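Each of the next two complexes has subunit A plus one more chain, namely subunit B in the first and subunit C in the second.
Here is the complex of A and B:
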């Protein structure tokens, strides 16, 4: 029973982080039709910035805020400097072909990932370093019995919950959120109703950058920080997004938690070596059984 | 021109080009020292895998971020056949091609349902998961340690003809016939009906389907051919000494894609150029940076940075790669003349 509870709580905490990553991926996919494989590279970069700040005696929370702002800026920069010029090229023969229009941005995002990793390696020497957390990763005690949940798990779940509530409020209650949903659904009509679709799109990239940067800050106390540590997180986030439905924001969050439980239970009841295979099998199963995802609608999936 | 005659011309042209490639490598080999000879053997091997991307992404528009994993399938197949069953190197390489093709068939069955980002993500997950299978089933695949295999010694009849052969040269002599054969096959496929079918599917699936092309079957077939090529490359790559998860990392898949993109996704010449570029670029950067005092920690990341920037620059300014730039240049000059 105790190992079940351990798996359940660490699955919830991990799943919360995966939910952020997958939310970031889905935001950009809906807004721009691009799966951003550089996303966790951006997060790695901003986490390094936070780590540098903490090493120079700044407080955890100021580093935390700066990292999130940098995440937003980096996301917007990727859209403005690379993705927008890429997709606005109408005359290119290569981009005229249907399949290449989705393939070329994917390749570009891999290039960004490579550059960010190399830059982080050059700037910060590339060795693994720890990353602090504001809460000790010890199990919470009541009297003398250890509970199955750690303080850090609670912290992660709390922060992600707050972030998800903010995102929900943004999308349902604000005009900008409405504009974003509208332009994801039908950019042409949205443009005609007087909304700057381009700026809305860049905002989507910025929010996605913030979400993944938050994920980076929350996951590195466990995994340590190096230019490659967050690669796995991208894979898991992508799988979560596909499981939940690439077109659905709520689905992506749901997918994140599902993946958290799958990985955590495989870790506890099987062996850590099986995690990769479990992810692959789970992804293939999802693609075969429900290719549009749990909450995705069938016609939205661009095939 | 009759169909028969066209085919004959295409066949002759691809034979000539493959022979030319063969001679070009031999010529370079005679100019090079031992280190560059082994790099040349690497190019001959990796070129086969890059050609598989030219087929997949360039000709049929399907992206794969997992060609390195398929190389691992080929590598493990041949290494297991040699070490466990005592097969000879040549037979194991041939069998590895078939096993990888079979793997490609299964992959294609899944991939035919996917497109664009779905395919990219799934193949990326595969690139990570497949090497970890070797660790998971340690007793069979010998885990992280891997299986040691090698090219062996050159046969006596060959040394009698061409004289003493170093290990580096021998690895090139083994790989090169396969490279030439792969080039021949790819040229023939792309310039005939099959290639036109692939391009039709790439450019517009609906139009292709209306023209009577079976989309899924076409996509699956591309995956079978591309996997056979990547598996062959993987087998040859393993015979350099070791077949282990570390030999086929995720970065290998991305490096292959980079080579194909830099050279030009839609061009065979581009694939050759791109492969040369990614193999020799790190050496070149090292030689240039030796003139400056750069700390080792930074020097380690310079090749990655350069290749990443090159990839980004190619995609943004000139998505058709080096081959496309060359073509534009030629058109430009042509127009000026008239």
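Here is the complex of A and C:
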């Protein structure tokens, strides 16, 4: 029983982080039609910024907030400085075909990832360093019995839950949230409603940057920080996004949690070296049974 | 007044519009009719900025529209209802309407509420179904919703692209008559593109006949409706 609870709680905490990564990917995919491979590179970079601040005797929380803000700015910068100029040159011969228009931004995101990794290596050296957490990673005790959940798990779950509630309120209750959903669904009708779709898209990149930056802050106390640490997180997050349905925000979050459980249960009941096989099998199974994703919708074409 | 001068729009060197000129007077309905491929939709899409004009000018009073972005054109009071009952089917009816007025939220919140109430009064069925997904509406209701989305932006000029396309005659007559009423009561200027010449000419003040991207006739709607030789030559009936 105790090992079940341990797997469950640690799966929830890990799943919460995957949910953030997956949410970030889906936000950009829906808004801009780009799979952003640089996403966790951006998160790695902002986590380094937080780490530097903490080393220079700033408090954890001020570093936390600065990292999130940098995440938003970096996300917006990627769109404004690279993606927008790349996709808006209508006259370029390269961009005449649809396949090139969709491929070029993805290749560019790989380029950005490379640049960010190199830059982090130059600025902060390549070796691993630890990253602190504001709560102790010990199991919570009631009296003398150890509960199956650690304080750190609880912290991660709490922060992600708050972030998801805020995101939900933003998308369902605010005008800007409506504008973002509308421009992802039908950019032409949205433009004809007087909404600046380009700016809305940049905001999507910024929110995605914030979400992944948060994921970076929450995962590194366990994994340590190096320019390559977060690569794995991108793979799992991407799998979660595909499992949930690339077009659905709720699906991406759900996919994240499901993957968290898959990984955590395999870890506890099988062996850690089987985790990647399990992810692959799970992905294939999900694609086979529900290729559009758990909450994704099939593309309907009117004739 | 909408004044179009020598307007040419090319797609990969095919001229969809070939140097057309005409004017649409404020507060009146001007209809643009013509066969399939005459350039009617291209004309509306060029006015609203969705297509870039190759040359020529489009003036709405003193504003030159050809260099403006779609969003700025909408914000200056020109709303387009695109072809095919363009609503966002995954959003609710109320959200589609809200979307149309979103850019005015900060500048005219009070008036936005009034405008929303007005479109619900105009189309009570939309009020009844306001919480349903727009995709569940019938074709006629979707067209009403597309028009409502345009109206909450309080346009001065309404561009309607084939509102009767695919609708039962009774429904399309109802929609056209509501547009006609709006124009007469509020002084809205309407540019109505239609393939169904009879319906359009019956309510319009002025008619423009497009043929292969050029203006073939420009005359009062009543005269155009009566000119059977013109109709036989260009519309085939």
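The working rule: the second predicted complex is superposed on the first by the 299 of 303 C-alpha atoms of A that agree within 3 Å, B and C clash if a C-alpha of one lies under 4 Å from a C-alpha of the other, contacts with A are read in each partner's own complex, and residues count from 1 in each chain.
Simple rule for what comes next: a residue touches a chain if its C-beta (ideal position, glycine included) is under 8 Å from a C-beta of that chain, and two chains touch if they have at least 3 such contacts.
Just so we're clear, the structure is a prediction, and the values are computed from it rather than from any experiment.
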So, after the overlay on subunit A, do subunit B and subunit C clash or fit? They fit
- Query: Can A:112 be said to touch subunit B (first), subunit C (second), both, or neither?
  - Reply: first
Partner chain in contact with A:65 - subunit B first, subunit C second, else both or neither:
neither
Between subunit B and subunit C, whom does A:5 touch in the aligned arrangement: first, second, both, or neither?
neither
Max touched-residue count on subunit A (subunit B vs subunit C) belongs to chain B
Task: With the two complexes superposed on chain A, say which partner A:162 touches: subunit B (first), subunit C (second), both, or neither.
output: neither
Looking at the overlay, what does A:285 touch: subunit B (first), subunit C (second), both, or neither? neither
Inquiry  = A:191 in the overlay: touching subunit B, subunit C, both, or neither? Say first, second, both or neither.
reply    = second
Once both structures are superposed, the least CA distance from subunit B to subunit C in Å comes to 17
So the subunit A residues that subunit B and subunit C both touch are none
Per the touch rule, the subunit A residues reaching subunit B in their complex are 29, 34-35, 37, 82, 85-86, 89, 92-100, 102-104, 106-108, 110-115, 117-119, 121-122, 125-126, 231-232, 235, 238-239, 242, 246, 271, 273-274, 276-277, 279-280, 283-284, 287-288, 291, 302-303
In their shared complex, subunit A is touched by residues of subunit C numbered 48, 50, 70-71, 74-75, 79-80, 82, 86-88, 90-91, 95, 98-100, 102-105, 149-150, 153
Subunit A contacts subunit C in the complex at 175, 178-179, 181-182, 185-186, 188-197, 297
In the complex, the residues of subunit B that touch subunit A are 57, 61-63, 65, 110, 113-118, 120-122, 124-126, 128-129, 132-133, 135-136, 202-205, 250, 254, 257-258, 261, 265-266, 297-298, 300-302, 304-305, 307-309, 311-312, 315-316, 319-320, 324
